[in-house]
Every structure is written in structure tokens, then in C-alpha cells.
């Protein structure tokens, strides 16, 4: 199993803040993203800008995920003001 | 002091947390909610956070700053949830013996926060709302 | 707000004086009394001022900063008389739409103040006292 | 007449914060300073570093003073901390 979380506009697009996905063996973040794309085609437009974190550390689409990991997808951050 | 809070930011308390007898300078940055954005009137803001990771990233910023400059203290507090015009969304305070270091580290902290800390801003207008997503906006 | 005061500086009040609905950034500089100077322990400080001219020079700094950067407000308050370790001798607050301008103007103000505003610091030690006279010390 | 004021260590050296000096006609700040030197020889060491203000505007030793002016002599300023 793999825990997947979404934030901000990506959460709105997916319609939920987290979900579990089947994962039996090591794979790449990209593969996970492609599975999401089949369910949520609109997510494609985020491919070139989205940020990825695996177990709360920044990663990218080529990073490896293994069963039990937590993968987070979110848009570029916009904290603060000024 | 590294915090994500949901209530009003207490600037004075944060400044006091970095004040030391060895410090000659305290630089602060206060990010406040503007009443307009890209020529559009803003009614209020809402910030969403990925809390555990945001705290980790804020700690990283402080650790890097403390290593790069001879600082006596650095505090970063970010507020999340709904904020009204004029309220502080983020407050950073840095103390050092000499002002140059405090200024540089303070600016480094806010610039870095805006690209690495997982917090997102949603602007609310009279006629709708928009997620602000982008680097350093 | 441009002031020379003899009592404790109220940071929060000064910050509020420059806060406007158009501002997204407030940068501040707080100059605090250090417990040592040139390797020597300092017990307290005393500041002397040429009041009428100091106010004029502080006003000039603000006028120049408001002209050079798109600011919403700038306040400079300098305290004179006796000050203890950790207390603020000078506090500067600058507000602007964007942080770059607030940071730059704040630094300009303290750097200029230290060379043009007629105020002199006397350091007191266990065994005596010395006027500090020099540029930007 | 001319009003002359001193601050910080210059005030300590001269022993008073202000004095009046005779002045019948226009002269230079330097001339005033030289008159002070005859009364307070130690003031000489400040010649290359001191700051001068005439009527509360920065001036220098070559500036002109006229009767009724206020001339201030003081060491380099050291306000603020940090």
C-alpha cells in the first residue's frame, strides 16, 4: 500500500486530501502520477510544475517509492506575503 | 521559535524570544495581508498548510541561516487559516551582534520560505477566490 | 513617526504606525544594547543628542527613503539618555507593497542614521566610560 | 555675536555646552576654530575629524559664518547600535 496526499488546488481537483493506492513493489513517483492521470485527466496540466514529497522530503517524478511510503503532490508553494 | 499558528501573531513575544545580551541588532520581517493583488481588491486570505513538513522546512531554513551567518537567534512564525487585511501571515525575527548579518539572514529566510515551505495562499475577492500558486509570489 | 524619546521604545506602537492596508511587507531594525564592545564588558550606555538637528536629520532620511523606494510608511525612533543591556536604542519600521523595498529602505535608514544624525554614545564599563566616536560604529 | 555649541567629548574638553563669541563681520568657521584653539589647545586633535553645523545644517571649516549664526562643533556621530 501507498499513502498519497494532495494539497491546495490539487486537493480540490482530486476531490479528497488523501487516498491509498495499491503498491506491491518499488516503483517511481512518475508511475504513481500516471495512474492518477487515468482517474483524474485534468491533473496532467500540473506535471511540469507540481512539487512532490516522499515521506516529507522533497523528491521528483523520478524518485523511487516503496510500499509503506507516503507520497504528497502539491502545487508550487505560496506562503507568506510581501 | 519555529511555529505554525492559527491565531494572531504576537510580534513582541517573537522579538523577545531572539533577544540576547550579546545582540546589537534585531531585524524583523512581517508579511501582512494586502487589500489588493494584481490590481484586484482582496477581501481576505486563507492559508492551507502541510503542517508536519512545513515545520521541518522552517527548521531547515533556520539551521542553514544559523550556519551561514553568526546569529544569536532566529524565529519564524507562520499563521494559517483565515486572515484579514493588515494582519500578519508570517513574522521572522533575527538577532546578531552586527546588523549586516541580521538583515541578510532575515531576507534569506523569507525568500527561502516562499519557495520551500508547503503553505498555500488562497485570495478571496468579492466575486470569488483563487489559489495563488507560484514561486515567491 | 520621527521621534527622539527618553523612555523605553514601544516597538509594537511604531510598527502599527506604518501599517497600511496597501502594505504586504514591514521590515524593522532594532538596535539593542550589547553587553560587550571591543572585547570589553559593557555595564550600560548613555546617549547624548543635539535634539533639534537630530530631528531634522531623521526627517531627511525619511524623505530621501520615501523618494527612492515606493514605501507606504517609515518610522524612526531614537532613544537617548541611559540604557541598560538588551534595551533598544533605535527602532526603524518600514512598510511597502513588496518586501525588497522595505528591506532596502530599512537598511539605508540605519546606515545613514549612523553617519548623519547628531547622537553620541558613551559606553560605561566597570572601571570607567568612553565616548564612542566614529563612523558607523 | 556668534553662538557656539559643543557636544559629546568636545563639550567635555571645552567644559561647557555653549558660549558666545564676539563677531562683528562675516568670517569662516576655520577662523572661529582657530580662536577656540588658542583657548583650548587640545581641541586641535579634532581638526581633521570634527563635524561642523551652521544653523543646524552640516557645514565645514571653509563655510562662512555671519553675526547671529549658531555654530556647532561635534565629533563623528555614533547613534544607534548593531
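Letters A, B, C and D mark the chains in the order given here, with residues in each chain numbered from 1 onward.
By definition in this document, a residue touches a chain if its C-beta (ideal position, glycine included) is under 8 Å from a C-beta of that chain, and two chains touch if they have at least 3 such contacts.
These numbers come from a predicted model, not from an experiment.
Visitor: What are the chains that subunit A and subunit C both touch?
Guide: Both-contact set = B.
Visitor: B-D or C-D: which has the larger count of contacting C-beta pairs?
Guide: Greater number of contacting C-beta pairs: C-D.
Visitor: Can you work out the whole-Å distance between the CA centroids of subunit B and subunit D?
Guide: That gives a centre separation of 48 Å.
Visitor: Roughly how far is subunit B from subunit C, centre to centre by C-alpha average, rounded to an integer in Å?
Guide: Going by mean C-alpha positions, subunit B sits 23 Å from subunit C.
Visitor: From the mean C-alpha coordinate of subunit A to that of subunit D, what's the distance rounded to whole Å?
Guide: 72
Visitor: For subunit B, give me the residues that contact two or more of the other chains.
Guide: Counting only residues that touch two or more other chains, subunit B contributes 23-26, 29-34, 97, 99, 102, 110.
Visitor: Two or more other chains in contact with one residue: find those residues in subunit A.
Guide: 81-82
Visitor: Chains as vertices, touching pairs as edges: which of line, ring, star, complete or other describes this one?
Guide: Looks like something else, not a line, ring, star or complete graph.
Visitor: Can you name every pair of chains that touch?
Guide: A-B, A-C, B-C, B-D, C-D
Visitor: Applying the document's contact rule, which stretches of subunit C touch subunit A when the two form their complex?
Guide: Within the complex, subunit C contacts subunit A at residues 24-25, 97-99, 102.
Visitor: Going by the contact rule at the top, pick out the subunit B residues touching subunit C in the complex.
Guide: Against subunit C, subunit B makes touches at 11-12, 15, 19-36, 85-86, 95, 97, 99, 102-103, 106-107, 110.
Visitor: Show me the residue ranges of subunit D that touch subunit B in the complex, using the header's touch definition.
Guide: 81-82
Visitor: If we count contacts the way the header does, which residues on subunit B are in touch with subunit A in the complex?
Guide: Subunit B residues touching subunit A: 29-34, 45, 47-50, 52-54, 56, 78, 89-90, 110, 113-122, 131-135, 137.
Visitor: Please output the residues of subunit A touching subunit B within their complex, sorted ascending.
Guide: For this pair, the touching residues of subunit A are 5, 7-9, 12, 49, 51, 53, 56, 58, 72, 74-82.
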